[in-house]
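One chain, chain A, links the two complexes that follow: it is found with chain B in the first and with chain C in the second.
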Partner chain A sequence: MSFRSALLSMAFCAALALPAAAADTPKRGGILTYMIPADAPPSLDAHRETTYATVHATAPFYSVLIRINPENPASPDDFVCDVCTEMPKPTDDGKTWTFKIRDDVKWHDGTPLTAADVAKSWQELVHPDPGMLSARAPYFVMIDTVEATDASTVVFKLKFATSAFLPALGDPFAYIYKKDILERDPHFYERNVLGSGPFKFTEYQTGQSIEGVRNPDYYRKGQPYLDGFKAIFTPKQAVELDAIRADRAATEFRGMPPSARDQLTKELGDKVTVLTGDWNCVNMITANHQRKPFDDVRVRRALMLAIDQWKGAPPLSRIVNMHTVGGIVFPGSSMAATKEELQKIAGYWPDIEKSRAEARRLLKEAGAEGLTFELMNRNVDQPYKFIATWVIDEWAKVGLHVTQKVLPTGPFYEGLRGNTFDVTVDFNCQGLVNPAMDVGKFLPHSVYSENYGNYDDQKDIDLYQAMLHETDPVKQRQAMREFETYVLDTQAHAIMMPWWERIVPMRSYVKGWKINPSHYVNQDLGTVWLDQ
Partner chain B sequence: MYQYILKRVLLTIPTLLGAAALVFLLMRLIPGDICLVRLGSGGASFDPKALIACHKEIGVDRPILVQFLEFIWGIIRFDFGTSMWSGKPVSTEILARLPISVEIALLATTVAVGIAIPLGTISALKQNTWIDVAVRIFAIGGIATPSFWLGIVSVLLVLDITSWVSGTPWMPPIDYVPIWKDPIRNLSMAILPAITVGYRYAAVSMRMTRSAMLEVMREDYVRTARAKGLINKLIINRHALKNALLPVVTLIGIEFAFLIGGLVVTEQVFNLNGVGRLFVQAVQNQDYTLTQALVMLTVAVFVFTNLAVDLLYGWLDPRIHFA
Partner chain C sequence: MSATPADDAPDPRRTVWQSALRFCRREPLGTFGLLLVIIMALTGFSAEWIAPYNPTANDFAAMTEPPSLEHLLGTDQFGRDLMSRIIHGARTALIVGLTSAIFGGFSGLVLGVSSAYFGGKIDLIVQRLSDIVMAFPLIILALAVVAIFGPGVQNVILAITIPLIPRCSRVVRASALTIRSMPYVDAARACGFGHTRIILRHMVPNVMAPFLIMVTSFVGQAILAEASLSYLGLGVQEPVPAWGLMLQGGAEEYASTAPWIAIFPGVAIMLAVLGINLFGDALRDALDPKLRER
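On to the complex of A and B.
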């Protein structure tokens, strides 16, 4: 090739690349209007609340110590600093972690954020003062003490070394609050906002909307790109669909069902972009071990063996936000079982006829042929009612007669806590992918209060503890397999449903936001910009 | 007259107290726990100690009798306490939602009265003609059509029509702005719900106006007025319509009171942050204090609307005296 033709080729390539590069360069300005598909949260204090509505409404105002990399949020273990300077290496055999705090972080009132603020916030999260709530304190069970050793250093001392520590530290609810405010008025953050995040609070209209404007002193230079945002609470899906269609709002960040995706893409064409991915939320079927005949492992295994996960998941994913067949660990995690590993577990066997024959045999052996029982369910369409309808049909194939009892959220919880059910649709939806902590759901109720199987099982606890305390990743993965096999196959404590699929349709002019497995994560909007 | 008003106002006290006792007991019969809903509905784990702290914080760990006496003492002092859900004063929660509900109620009433009285009157005067049949079909359609369905369809129609006409779909705003801040935005949000609610409301009132007018037009005094040679317009406006309006006014009063807290589904369809939606949230969340206050508000609105209607009777029919 001559020099001239090479030059021409380079110029041509550059010309081709230019529009793409220009389109990907963030633009400054604009107000993002988005919806929060929920009623307004009880309070604005993320330390005490568990609903995503709090995070979606307030995350843009706050900083955290570390977070999932906003440029790579789909990776469950790519953590980066937010207010710290660099991710530290642990000392003391993995039991001491020392974080250096940036010196350019300012509160929205102009005062500097220091290590004392970080330490105080984490002290309140781990060991809340009497009368204060820290809803997720059990996630920080490995943390012993948190101290600010000087103005820019925070030291976490752990009770035991564990791979679950960094994900726990990346909890999206773990906002950094101002120390002197917490000391003066511990309830301040329930109704007020004062953070150090990319946006400054401007207005909260009770029950309706929350607004923020760009923080010009934000420590990530150039960010945020938006001039501001407005988040509107829209609990009805029909309103969300219409609003995106009419561009009253650009998106909602939680996730919509496949029907909404199909409708919006059909009506808006290239004006809408749909982001999808596996979701760290899953439903399961839990049998009440204190009710006969569900105290018999043979009956519980039969319930599991009757369901054809592999054949059921693909058609279900077309109508409901469920997608990937998995075990107790989020399928996108390196700790999750592979398909080959899963297929060795009862309920995942590739041959469904063999599986159902075994289910019938076990039911006969347990004297539970033609068993009739009630499946308690929550009055939520996606995916609860779809799941119940599907499994009832699957169970009918081994001669079981099951009826569905649908209850509003309050009575549903009362039923779970009061053990007034035979079998229930259950759930596990965590703030961040942290497999070692997330699978705590499968521990007995005496250890994990949100387990509703009503059983005691010391071996279950021992296997879990061995896995939690294992620091070698390969050995920990193997320990997780043993725990999983015991929970799902040996004891059939739970029957997993396909994991959820997160579908986020947004107006195509919204850029810079990347989907990730948790609807709690990556919501500070610092990287979001509008291509308008 | 003043004695009558005083007597009626005093009578509201046992009514309100009775309603208070009833709602207090009924709320506690519903299974569930506000703290469980609050901490657990996200699906994630929470600290069991947080559950105990939550019970203590909102006071549901105290004996029922203590809670009841505190509630009644609060009513006597017009203090409904704080919302168990949000921790904010109940009055703040309600006052934030009241403007939109009152606005929709007033607009819907205007739509309803504006349609119902003229059409009901015409229908009665043109009894058994095609006009009467058309008005009756229109009225029965309104009664038979649920306003939430009409709301959904009207939004979709507006979206489709604007998309077809201008290429850009339009729908009413999904967030409320007070009328004094931005009248156009406010009305563009409120007008569609007002029409969908007002249509049903108009249909019921129209049927009532027609029946009352038919009855009144057969009265002796109307025949006498005709015999005296009064023109038809004067007979209708001055004699017949005023008397026929008595039951219609009663109906309008009841409907108006219902609209203040009863637009449960319509407010959801249009994303209106009103009292009806708050009512649903309060019951779903098992927020006892807020639900109790909302029931008391609804009872009070009904009681005082009825009082206003009764007082209006005296103006409409001079034969009625208050003693």
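On to the complex of A and C.
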């Protein structure tokens, strides 16, 4: 090949690559309008709230200490610094973590953010002052103290070394608040916004919308790409669909059901892009162990054995945002059970006829043949009511007669907490994938307040503690299998439903946002841009 | 040819069949309505025998199938046969509609006649309580009752029955007030008959015409209210087949991709309410002497 032809070939290749490169180069400007599928959040303070309504509305205004890599948010362990300078290596056998804080971070009022602000925010998250609420404090159980040793250094000392620490630290709700304000008015952030994130707060109309504009002093040079954003609260799915159809809003980031995806792709074609992925959310069926006959493990096992997970999940994923058969651990995690491991657990056996025969035998043995009971459920369509319709029919195949009692969210929680149910549809939705902490849901109520099975089980706690304190990944995975087998098979404390699938349809001009297993994560919009 | 008053005078020699035939001839729309009601009733009560499939059995191999020879009205998102669910749904509609209408109607009858007969403070209290209840639209009051007691068939019946009581009571009272001042009621009182006998033997039979018309219209209202409550997720719950519930599951998510899921339960509700209302109108025409003379 002559020099000239080589040059021409190179030029040709460059010309071919140019449009793709240009398409991937972020463009500056524009206002992103998106929807938050909820009513007004209870407050704007993410430390005290657990709802996406708060985090989708306020994350663009705040910084955090570390976060999941926004370029690789689906990874469960790719953590990067936000206001720190580099991810540290632990010392003291994994019990001391020292973070250096950037010196170029400014609050939206122009004052500098220091290590004291970071330390104070984390002290409030781990050990909230009396009268204050830190909704996820149990997730920070391994943290002993948080201190600012100088203006740019924060030291975390742990009670015990654990792989669950970094995912806990990456909590997307763990906004950095200003120390002076927290000391002056601890409730300030419930009603006001003052952060150091990519966008500055401009307006909030309760239950209607929240708006922000580009922060010109943002410490990540060049970001954010948007001039601003407007988030509209739209609790009705029909309104969301119409808004995306008419391009009045570009997307909603929580997730929509398959039917919405099908409608939008059919009507809008390539004007809409659909991002999908496993969701760190799962429903389960929980039996009240204090009610007869559900105090009998044979009856609980029968309920589990009657359900054909493997055959049910694929068709259900066409109508409901559930997709992947899994155990107690998020299926995308390295700690999750493989299909072969699951198939050894009751309720996951590959032969459903054998499974149902065993269920009938157990019911007969327990004197619960033809049992009639009520399934308590939450008045939410996706996926709660779909789950009930499915499992009631599955249970009917082993002779059980089940009716459904649907309650609005308030009374539903009252029912859960007041033990006024036979069997209920339950749930476990988590933020960052942190299996060792996420499975806390399967501990007795005395240890984990959001467990509603009403049982005490010391062996359950011991197996969990052994798993949590294990620092060797291989041994920890094995310990997780033992805990999972005990919870699902030996004691049948919970009956898992297929894990959720996150489906986010968005106008194709929205770029730079990547889907991840949690609808709480990666919502600061710093990397989002509009290809218009 | 218009009927003369003499044609419409009650004729004791006329048999039930002759009266029915006469009603059919004079009220063709009402007859059509009655036919719809009879079909609905027969369908509902023989659902087990005539429904081609189990209405609650999921069939994932037949999800959202359009109408075909195998599934005449198609299937829903769980693959359940829509025709079977509509047939069984007729039973739910009838149970809720008839029970609510009968309980609401009879309670209203007792209250209305007693209120008119006794008058005074009893009348005042009953009517003011009725005013309070009637200040709320039926569906709003039913929503409030369901919110307090929770969803479910029994609670839905209760929720619909309560708002119907004062509506019936008010109409019955108006008729009973006229009857109270009739000479034969005074005569009965003068003869020393007890209140119960006067009410049951002399007043109630004379308010039966407006009462029956009210009860008939209540059945339609109750079916519509049940469908509305189920549509709002507050009535009958899955997997029980109920028309409003079928609309809730289908209309919102599958209106454009599988419209039959919403259309057929909607048609069932429309035909049932239309039939009952047409029959109720015709019954009013047949029983009201003033309308008969027109």
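The rule we apply is simple: the second predicted complex is superposed on the first by the 525 of 532 C-alpha atoms of A that agree within 3 Å, B and C clash if a C-alpha of one lies under 4 Å from a C-alpha of the other, contacts with A are read in each partner's own complex, and residues count from 1 in each chain.
Operating definition for what follows: a contact is a pair of C-beta atoms (placed from the backbone, for glycine too) under 8 Å apart; a residue touches a chain by one contact, two chains touch by 3 or more.
Keep in mind that what you see is a predicted model, and the values were worked out from it rather than measured.
With chain A as the common reference, the superposed partners chain B and chain C fit together side by side. In the superposed model, A:A238 lies in contact with both chain B and chain C. Contacts of A:P411 after superposition on the shared chain: both chain B and chain C are touched.
Once the two complexes are overlaid on the shared chain, A:R248 sits against chain B while remaining clear of chain C. Touch criterion met: A:S259 reaches chain C, while chain B stays clear of it. When the two complexes are overlaid, the chain among chain B and chain C that reaches more residues of chain A is B. Once the two complexes are laid over each other on the shared chain, residue contacts for A:T389 go to chain C alone; chain B is not touched.
Here chain B and chain C sit at a least CA-CA distance of 6 Å once the structures share a frame through chain A.
Common to the chain B and chain C interfaces on chain A are residues 238, 408, 411. On the side of chain B, the complex with chain A involves touching residues 30-34, 36-51, 53-54, 57, 85-88, 92-93, 96-97, 152, 155-156, 159, 168-171, 173-176, 268-271, 273, 277-278, 281, 284-286. If you check the complex, the residues on chain A that touch chain C are 237-238, 257, 259-260, 262-263, 266, 311-312, 315-316, 318-319, 379, 385, 388-390, 392-393, 396, 403-408, 411.
Within the complex formed with chain A, the residues of chain C that make contact are 56-58, 60, 63, 77-79, 147, 150-152, 233, 237-240, 252-254, 256-257.
Here chain A touches chain B in the complex through residues 35, 39-40, 42-43, 48-52, 131-139, 187, 190-191, 205-209, 230, 232-236, 238-239, 242-243, 245-249, 281, 408-411, 413-415, 417-418, 427-431, 440-441, 448-450, going by the rule given at the top.
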